[in-house]
Amino acid sequence: MIELNQVVKQYGTLVVLNSVSLSVSPGEWVSIMGPSGSGKTTLLNLIAGLDTPTSGQIWVKDTEVSAIGHEARARFRRETIGIVFQQFHLIPYLTAVENVMLAQYLHSLPDRDEAMAALKLVGLDERANHLASRLSGGEQQRVAIARAIINDPPLLLADEPTGNLDAENEQIVLDIFRRLHDEGKTIVIVTHNAEVTELGDRTIRIHHGKTSEVGVVTEKV
Amino acid sequence: MIGFLFRTAIKSAFIQKYRFVSLAVTIAVASALLITLATLYLNAESQLALGLSGIPNMVLEPQKSVVATSRLTTDDVAALKSRKHFWRNNILNAAPVAFAEGQFDGKPVKVAGTWFDKQVSVDGESYNLGLLRFKGWEQKGGPIGGPVDRNAVVIGANVAAGDSVRLTVNGTQRVFPVARTLKTGSYWDDYVFLDLDNFRELTGKDALDQVLVGALIKPKDKLATRAELYGTEGFTEAEFQAWYCSPYASAIAYTIKETVPPAEVKVLRRVTEVQEGIIQASSGVFMALFVLTLITAVTAIFAGEKMYASAKMRELGIMAAIGASRQRLFLQLVTEVGLASLVAAAVAYLLSWGLVRSVSLSVFTIGFQANGILIAASALTPFLVSLVALLFLRKGLNKNVVEVLR
Amino acid sequence: MLFRVVSASIRHRLGLYVPMLITIIISLALLGAAEIVGVSFKGIVNREMEKYGANVILIPEKGEVVNEGVPVQVRNTRLGDAEVNLAMANTGALLAMNPGWLVKGEGDVLVGSSVAAQLGLTRDSPIEIDGIQGKVAILESGTEFDAFVIVNGEAAQPSMVLLKTADPAQYKGKNAIILEEITRAKYGFLESIRRLMLYVALISALSAIAVIINLARIDAGERQKEFGILGALGALPSTIARFILAEFLLLSGFSAVLGLVFSMALSWALVALTAKAWPALSFGAVWYVFGTALASFVLASSIYIMEFRRHSIVEEIRGE
């Protein structure tokens, strides 16, 4: 599903990712761990096509994300991936269901029933008509997940999805990810949280821009 | 405390330099708009009135009665600008005229003796008066105020002549070069004008037949209309003073009569009525436009400041969260907006200085100077508006901190 | 969906948009009013020019019949011991043609002010001239007629015909005196007014644009974040541009319509109350108001779009 080959990302003289290579199989759950500033989010942004590498290749499904232009990357994001951010990044003045429908609109056509179904899946159908800015952190993250999965992407990328949540909401969100994984979604999660890594198939550690324990498979709990 | 306040305000301005610059630019543009247009409006009425008063609107003639006809002299013309004439400053121009019949190319022609452009000293002041100083008349052959040969003639537009005129007056024939052609749009287009001294030499006629006067007048109101219809006899002392001390055409004619008793003062009503009507209409419009400009400028400043403060709500929320009082937040905003106003006032001053000059030159062909009081007022306006804008924002500051930070 | 997102965005930004819209609408109103007032002024000046009265004095050739204007027959006669100029004309038509003339008194015989002063005649005193009896009304016209006594009657053999015409030039070459002394002053005046109004309009447009740029800068942080989110969800730059344009078109349409309505109201108030004339909506005003509104908001959207293109999505999403 994902192939990274000698990927380097540099901001000026600062090397954030230094010759990273990795591979993720379809249906796999990979957790990326590392201290702050190690390059985890940059790696996720590169896979998502939000940013481009300084050198190296990135393949996702059949697309060489590192070689395509702006518009093609936008199309790739619409069709192939769903992204969940630590800061949720919902449009604050749209309701929960409208935030989900917005992703549909950008993909094809908005369908309220489908959007409601996605919200039901994350247990938020009763809060569908509340403004995003009025929802709690946990609720906002669930809306963000509903938005990420509404177009049924094969790959789900999440950047610290539980980083801003309390224990209860963290469990709810992780349950949703677990279900999605069970349904066959490929999931890449950047996290600090050991509990999250335990849910994954394997964990990649990243330190000073280098992936060190690539291929280490953790025991599933 | 105050030092820290300024430090944070300056730091905030530097960090959010684009926002700060945008606010300062809005305030500067709005203030410059106010200074420029207000200066223009304040001067427009008098400038347009001056533009309309470039032609004679009164004529002095010797007073006739059954027994005798009085005599007008050039001293009477000078007297119009003398200190004994109350409305001397509103007399823009005056020209003596004496008539004669002449012949040109074997045909009769109307001849008039006058001053072309004569420097006259009255009460220690020097004025240029004469036919060619009526700025509303079109001159060909030289600019208004340019040198004119006194031994030449000025011909009306309907007089078909080349570079010179062979003129016969009183049996004497002389050739005069043509200095200017004058298009007045009235009777004068049929005349050949001689310098008064040359005219006297040719005709031997000393007395004047007319004095043309261009006066700057004020549109009449009810009081002036009463004076025109019924005279001032029925006026109370206060009414008379109010009428006398306003430059109505009738009041100026009255003071001219006081100054030059042998004259009958005729107000050229076809001219003054039009002048009054246009000045009246335009002055009202200018006043209204001034008020509108003031509203526009104040709203623009208000909007800029409100937008700036709205965008800072989150930052203020954070300050409130760490214990800042409402007064402290208010003070913070006032300092920042005040700082922007200060920068803007300086920019507005420079901007309006150039704008006022160039715009007034373009509109009235005269470079106005922005009024000092107006500049001071415009510089103060942003500060005052800032305070009002921020008072409105107090409501926002009263909001729950959590609400703001959400 | 586009409309839903755009309207929600506008609602969300009311705190920013309301003061901005008020300023823009007032600026547009001033701009439109300047144009309408500028155009109306010509009408006002022309109306005032009517007071100028007769602008052609035609001296008919012998036997020439003139079927227009007010014919006046002049002759000398005696009034008491004095010799006076008597003019016979339709006095009603004469006064209607010359609204600037001042008539003092209710009498039916118009005695020019010079004659009245010379002979000591006062208003409403009885008069008999050439067998015609009547009461004196003093005429102050500021013209040669001040030296006449004018009685109402038919001018069978007119010595002159007074005309008021929009095209006095047609009488050039005829035996006519053409009076247009204030015409040049009028054109100079109108030109000054036109320029003044142009500057009012230009400076108001500048003020509108300054406010909009202010908005674009102030709101840039939050906007960028939104654009970043849309970009992360796979929106093309063109889709984002569509969102921005739709929002600003809506705002510009709203401001333009209200600006035009206020322009009309303002110019009506300005012209009707101060100059007692009725302004008509000029095509220029519609054009300027809509043009400026559109141009200002397109400028604002361009700033947003350029900002969006300048940053990467990662920066956008952080709101940098």
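First chain written, first letter: the chains are A, B and C, and each begins at residue 1.
Keep this in mind: a contact is a pair of C-beta atoms (placed from the backbone, for glycine too) under 8 Å apart; a residue touches a chain by one contact, two chains touch by 3 or more.
Note that the coordinates shown come from a computational prediction; the quantities given were computed from them, not determined experimentally.
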Averaging each chain's Cα atoms, the one nearest the global Cα mean turns out to be C
Looking at every pair of chains, which two share the most C-beta contact pairs? B-C
Subunit B to subunit C: how many Å between their CA centres? 19
Roughly how many whole angstrom separate the Cα centroids of subunit A and subunit B? 72
Would you kindly tell me how far, in whole Å, the mean C-alpha position of subunit C lies from that of subunit A? 65
What residues of subunit A sit close enough to touch subunit C in their complex? 45, 48, 50-51, 70-71, 74-79, 83, 85, 89-94, 98, 101-103, 105-107, 110, 147
Would you pull the subunit C residues touching subunit B in the complex into a rising list? 15-16, 19-20, 22-23, 26-27, 29-30, 33-34, 37, 41, 44-45, 47-49, 51-53, 81-82, 98-102, 104, 113-114, 117-119, 140-143, 146, 177-186, 188-189, 192-193, 195-196, 199-200, 203-204, 206-207, 210-211, 213-215, 217-221, 266, 269-271, 273-277
Name, in rising order, each residue of subunit C that touches subunit A in their complex. 1-2, 4-5, 8-9, 11-12, 225-226, 228-237, 239, 312-314, 317
Residues of subunit B that touch subunit C when the two form their complex: 18-19, 21-23, 25-26, 29-30, 33, 36-37, 40, 44, 47-48, 51-52, 54-55, 59, 61, 63-66, 136-138, 183-187, 228-230, 264, 266-275, 277-278, 280-285, 287-289, 292-293, 295-297, 299-300, 302-304, 306-308, 310-311, 359, 362-364
